[in-house]
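There's a structure below that I have some questions on.
Each chain carries a letter (A, B, C, D and E) given by its place in the written order, and its residues are counted from 1.
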Amino acid sequence: MKMKAITAFLVFLVILTLPFLVSAVNGDILSQAPQPKLEKAKAPAGVENKCVEEVPYMRANHMNILKTARVQVVRNGLREKYKKYSLENCFTCHRNRAEFCDKCHSYAGVEPGCFGDRGGCHYANTKK
Amino acid sequence: MAEEITTTEEKTVDKDIAALLTSPPKRAPEPTPELTGKIVKPKIVQGAAAHYKPHVAKPEIQEKLGFPGTLVENWQEAAVAKMRELLGKYKSLQVYMDICVRCGSCTDKCQYFLSTRDPKNMPAGRAELFRQVYRKYFTTEGKIFGKLAGAVDFDLSLLAEWYSYFHQCSQCRRCSLYCPYGIDTAEISMAAREIMDSIGLGQKYTNEIIGKVHELGNNLGMNEAALRNAIEFVEEEIEEDTGVPVKLPINEEDAEVLLVTPSADFFATPHLESLVGYAKVFHQAGINWTLSTTAAEAGNFGMFVGSYYHMQKIASRIKQAIEELRPKRLVVGECGHAWRVAYAFWNTLIGPFDMLNQKYPRPQHICEFTLDLINRGALKIDKSANDEFVVTFHDSCNVARATRMGDKPGGQFDIPRELIKAVTNKYVDMEYDTIRERTFCCGGGGGLLTDELIDVRVKGAMPRMQALHNVMETHGVNFMALICAICKAQFTKIMPKYGIPMEVAGGVHQLVGRAIVLGAKE
Amino acid sequence: MGMDRRTFLKLGGAIVIGSMITPGTQYLLASQEKKPGEKSKTRWGMVVDLNKCTGCKVCEKVCREENNVPFYGNKRYDAYWIRVANIRQELPGAPERYIPLLCQHCADAPCVHVCVTKASFVRKDGIVLVDEHRCIGCRYCVVACPYRARSIIFRNSNTWTNKELPRMMIGVATKCTFCVHRVDKGVEPACVEKCPHNALTFGNINDPNSKIAKIIAEGKTQVLRPEKLVRPGVFYKGL
Amino acid sequence: MAKYYFAPIEGKTPKYYWTVGILGTLVLGWLVASYVRFIKGMYITGMSHSVTWAGAKVIFVLFVGLSAGSLIMSALSAIFGQKEYKVLGRVAAFNAVLFMAGALGILITDWGRPDRIVLPFYMVNPRSMLSLNAYIYMTYMTVGVLYLWAQLKENEKWTKILGITAVIVAIFVHSGTGFIFGVVNGRDMFFSSITPLAFVVAALSSGSALAMVVLYYTFKLTKRSIDMRFFQQLSRVMLGLIIFVFYLVTIEHLTHLYVPEAQEGEFYVMFSGGFFTWVFWGMLYGLGLLIPIFLLLNPATKTKIKWILTASVLHVIGVLGERMLFILPGQFLPIPIFPGYELASSFQDGVVMPYIPHLAEIIQFIGIFAFIAFVYIMGLRMLPLLPVEGKFVKEQDH
Amino acid sequence: MSGLTLLYTLFAYVAIAVFLVGFLARIWKYATTPSPLKIPLTPAPVNSVGVVYRMVQEVGFFKSLFYSNRIIWIGGYLMHIALLITIVKHLRFFFKTTPAALAWITSFEIYVGFIFFGALAFLFLMRLVIDRTYYLSLMQDYVLLIFLMLIAATGILTKYYVRTDIIKVKQFVMGLVQFRPEAIPGDPIFIIHFTLVLLLLIYFPFSKLMHSGGIFFSPTRNQVDDAREVRHVTPWAVKG
């Protein structure tokens, strides 16, 4: 009887504290969040040396900007207007996908459709 | 939004302590529900069943059982203390108090709700009476938010509702079947009755009978001489009918089988017919058997009031009989709650049965016993003797949802049916929703089998009557086989009110008895 | 020229609020594609001079390189945006000739009519396009096209010769876009530019002064399957 | 008045568990095959640029048809007041919903991008029949489920209302499915206004045929007796429908033979098509139409349940052949882009490129049949669909 | 460290502590309270393997509810499945490197939040529409539904409409998990979402939400039907 109670108790305890335990076991204690690395220096001539929008806004909304720009370009042909919001344009500065995109994306567990395993359509641009 | 909730003109709560403790006033009998063949989910009517309550036990009855004679002075604290004790003793109660989410899946499953339409007769509504008190005295949210969180002071008006509604529950467990968490209102109503008993508010019918069992050994309160008389009468009857001297041995030592059967079988109709059936089976199979005057009662009303002590005390008479008579096998007659106590509790209460033959189940149900004999060809059966009957079978709630027969789960449904099919030609099942584990209670179980609750009993039988009505109409059923003494007593009384002749109800062994060809040994 | 940031953010806000109902919000953006019967100033078209075509298949190659059209080496599912077919009249001794077949950019395109999600659409300037991010791959358009101009991307593609454009997305329908990325910049489609025999002419049909309009006005051109009444934007001369 | 009681089946026998296990494995196979197909791309199927609508569409169309027949059969009691047919109402309605679910299942797993499942629902193109069908199918499913629900709740009034609604929606569904092909201007073998009608009629005939077979064997395997007059009456109706199908199919093919646009294709189907010629003469006309008509007209066989069921099965096979003939040759036969010219290119212009299903597809096809059977037998166990047999029915009052 | 961060760090630890201690205390109580008599609801399994199978059916598919009331089953089951997926997908905030399986789930969970909200709204509506549940419902039933609906709504907002910077959120959560407080993102919608979740955690052990742990201790479901074969004894109840 007591044994059963203790087992049940332990099972629930383990389930409930799983995140803490895994962190401890993995040795993730004291690890910092990754910082995206920007290789700004390589920005080609003629490209402004700053991002198209403010950085905090970009952090939260870059995916919406990309989507909006895509729809406007594909369906409405506003290619020139939205040129600076194109993924192509992003890659001129943010060349290294692994250092810039993947770090945070894999940290947050969000897979981008643009260069994920299945889509993959926009990836190799970074290796010009 | 739900429809406006209507209330009857009845006063929902008896405010006055005197009114609570005196017996309910005589009323004109209420109209019987119509037989439409359909069981519909009614709209709720608040307080529609608040006025039903059984007689309160007299002080002398109460005191005989060790309960306070009248409502004790500090009954509130006593009740809460008793509740605390029970919460610590019963896991079922403790868990069920906490985990109800009021999803509503049980609400249309109780036969008393379906016919009385009182929301407090919904299983969750009934349990809510208990939970209100639990929240008030045992939970944080109840202590902080009080009424807002559904916590209510245990005052006299609530006690009155307890007394009324917890005696409108037949502890049939149909709600538990449909509850996603298996919350068993029977456990809760047992606990409530135990608390009420402990503060001196007992139900007359049940407690009187418990007293009789302690004193005389059976529910009917017959002494040994009356019992022997009744059995002699049965023997004469059988000989008159068949010309074969079938004996019903009493108190024979070292018999093969000790039969424990509800005492109603010795006395009432149609119960008596079943006793004749048992006797013929034993006689024809040539098995040496006996009844016991010590253990002349299988029924155990201790379960109805939830008292472990009384349940054990009543059951210990069986133990005593076994020790005195040294039988090899223990067989229990046709009774629902008795079979539950025997099957599920005896081993705990009075076991282990080491002195009995290990080859057989201990205890064994008479249906298991008889079917086994028939399957082995030990009995000669003439099915045509029952040709006048088209038979259906009513699963008794306690047998269906609390016990098992045979080795496989569900044997409690199949074995009686196979037995009936072995002795009759025409068998029909009632509607799918009302048989097997989904069966409805007869309406008289759980200590409600008393005259002042006749309106509750009539209403509680409604779903079963509808289903029976349907098969009578469509398949010409004219016999409903039962394996429960309470069902038999309830239906013979209730069915005439629905316009169904009382002969339609009868025991399974009544059919067996008719079909056995006596003296034709192979 | 160009949208300032404020306008852009406003637009973004409008999109966000306007699309609270469902996820996948960007699709609710009302696009400004051509409505049926609408007249516009520009309609891009092409004239193919079959007398000049020698079947050299340079256009096929150029198109593949320009648009990353995948080639798997399996004739069952290789994708083609433009192909050069051998054609021979069913008469004894008739000579074999060559005809480049591509999307005809119909004004009443059947593929646009049948498209389940409006992934196929006609731009205001007459170019029929497929929004690859919206296509569900039901292949109704392939069945409906009277010219077999559409291809399905049957398999993940490794072809990536022109890094300006993305690779082909798997499982969706694609077809000739008149090199819309070049046209929007004011450059002719790749096949037109690279054709060694100048067999292809590209231009605005609705502009009476354009070269293409003048060729058509000569009256020596014809369209394929005129009985289907889909008003193609590609004309053939010398058939 | 006889009243039927319905109950779930027990479903505790080893045979039942084995069936569930095997069917479950096949359904799992369907899911795995679909996932692999989705990840790898459609090249692992037998489809080509010539045939992009292939076996999956054949099965889709067949299932939509079978769903109709089942539903009409179920609604017979609700609409025409045939009380005796009520005994079959629930199973048939359940089947109708199931077949539609199966049809949608195979349709969606056939897409190139099934991950974009929600797009059709809010990107409606009113000019596309398939796009409108997304809503029509959903309406049909909803009405079907509600109709089944009303029957389970024994609500006479709503059963009747929803039964009639369901039949009306069913007509829309099947005309709509026919129109998917009928409005394709670019393909002469498809482009026809008779298609929807032919589709509805063939749907009804094959649907009721299959429903009879399914019901008969369901009742037989669960040891329930069933009134044979029911099958005899329904076979009469089916005979009429089969003759109508015969008429429509024949005039459609004759029309094709008559007009030059489709002549070549028709010649292919009738004489030079190899496999498809066999399908045309043997499967469609032989097994599917003539033999069933003979069996149902011949006095020696028309009342025997064995022969009625044989005719039903043959007719379902025949309709499957009709669907194949309808969808496949219409695509892989060369399009006459240049009438009077020979055309050849590396894109397979001017070439007949037949279609042979590959492994992943075949697993999908088997799996979708298994899916329907699986849910069917699970449903029989979980819902009160089948009547409980009472052996001692009193004489009926009328 | 800003005041807000300090407040929320403390709040989060308190909430988690209350939840853990409270939940486990309840479970301890359920597990140790004796069950003197055999009361399985028959037909019940006759061995413990069967009991596990029965519990899997109950917990995994809500079998009893399915046979009892299919409308509530649909709402309840959808709600619980959506809740499960939501919780699982939130686990990615707790692991430094997101496991592949979690990433795979995130790739198709996009509609789950809406299903969760819809199912809750449906259950709320059913409480009001059916007169029996309307009668039964207490304040806390509505409060919990509204609570969960608000959590779902704010979660959907942060994901689809008023985007929050989830890197910061993850940093903050990882900080909590590793006892190394980080700044809380100042996004109001996220803060509302987070506050509601913490309040729910605190309320959890005192509420009917304990059904999540309690169902495993329900004697009518978790007992083996072997009363005749095995003598079932409990210390307080055995006197002879």
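In this section, a contact is a pair of C-beta atoms (placed from the backbone, for glycine too) under 8 Å apart; a residue touches a chain by one contact, two chains touch by 3 or more.
Just so we're clear, the structure is a prediction, and the values are computed from it rather than from any experiment.
Student: Give the fewest steps needed to get from chain B to chain C, where each step moves from one chain to a chain it touches.
Tutor: So the least number of steps between the two chains is 2.
Student: Which chain lies the greatest distance away from chain B when centres are computed from Cα atoms alone?
Tutor: Following the centroid criterion, the farthest chain would be C.
Student: Taking each chain's centre as the mean of its C-alpha atoms, which one lies nearest the mean of all protein C-alpha atoms here?
Tutor: Smallest offset from the overall C-alpha mean is found for E.
Student: Counting C-beta pairs in contact, which comes out ahead: A-E or A-C?
Tutor: A-E
Student: Just how far, in Å, is the C-alpha centre of chain E from the one of chain D?
Tutor: Distance between chain centres: 43 Å.
Student: Distance between chain B and chain D based on Cα centroids, please, to the nearest Å.
Tutor: 54
Student: Based only on mean CA positions, could you tell me how far chain A sits from chain B in angstrom?
Tutor: Roughly 66 Å, centre to centre.
Student: If you average the CA atoms of chain A and of chain D, how many Å lie between those two points?
Tutor: 47
Student: Can you list every residue of chain D that touches 2 or more other chains, as numbers and ranges?
Tutor: Answer for chain D, listing residues that touch two or more other chains: 118.
Student: Check each residue of chain E and list the ones that touch at least two other chains.
Tutor: Correct list: 34, 67, 111, 217.
Student: By residue number and range, which residues of chain C touch two or more other chains?
Tutor: 16, 24-25, 27, 156, 170
Student: Could you pull out which chain B residues touch chain E in their complex?
Tutor: 1-3, 5, 41, 43-44, 46, 87-92, 94-96, 98-109, 119, 122, 124-125, 128, 139-141, 145, 148-150, 173, 176-184, 187, 308, 312, 343-345, 347-348, 351-352, 361-363, 400-404, 407-410, 412-413, 437
Student: Flag every residue of chain D that touches chain C in the complex, lowest number first.
Tutor: Listed in rising order, the residues of chain D that touch chain C are 38, 40-43, 47-50, 52-53, 111-114, 116-120, 122-123, 125, 127-131, 134, 180, 183-187, 190, 331, 335, 337-338, 340-350, 353.
Student: Give every residue of chain C touching chain A within the complex, in rising order.
Tutor: Answer in residue numbers: 1-3, 5, 8-9, 11-12, 15-16, 25-27, 29, 31-33, 121, 123-125, 129, 131, 133, 156, 160, 163-164, 166-170, 180-181, 184-185.
Student: Could you list, by residue number, the parts of chain D that touch chain B in their complex?
Tutor: Residue list for chain D touching chain B: 1-3, 5-8, 154, 384, 388, 390-394.
Student: Give every residue of chain B touching chain D within the complex, in rising order.
Tutor: It is residues 37-38, 390, 426, 428-429, 431-432, 470-471, 473-476 of chain B that touch chain D.
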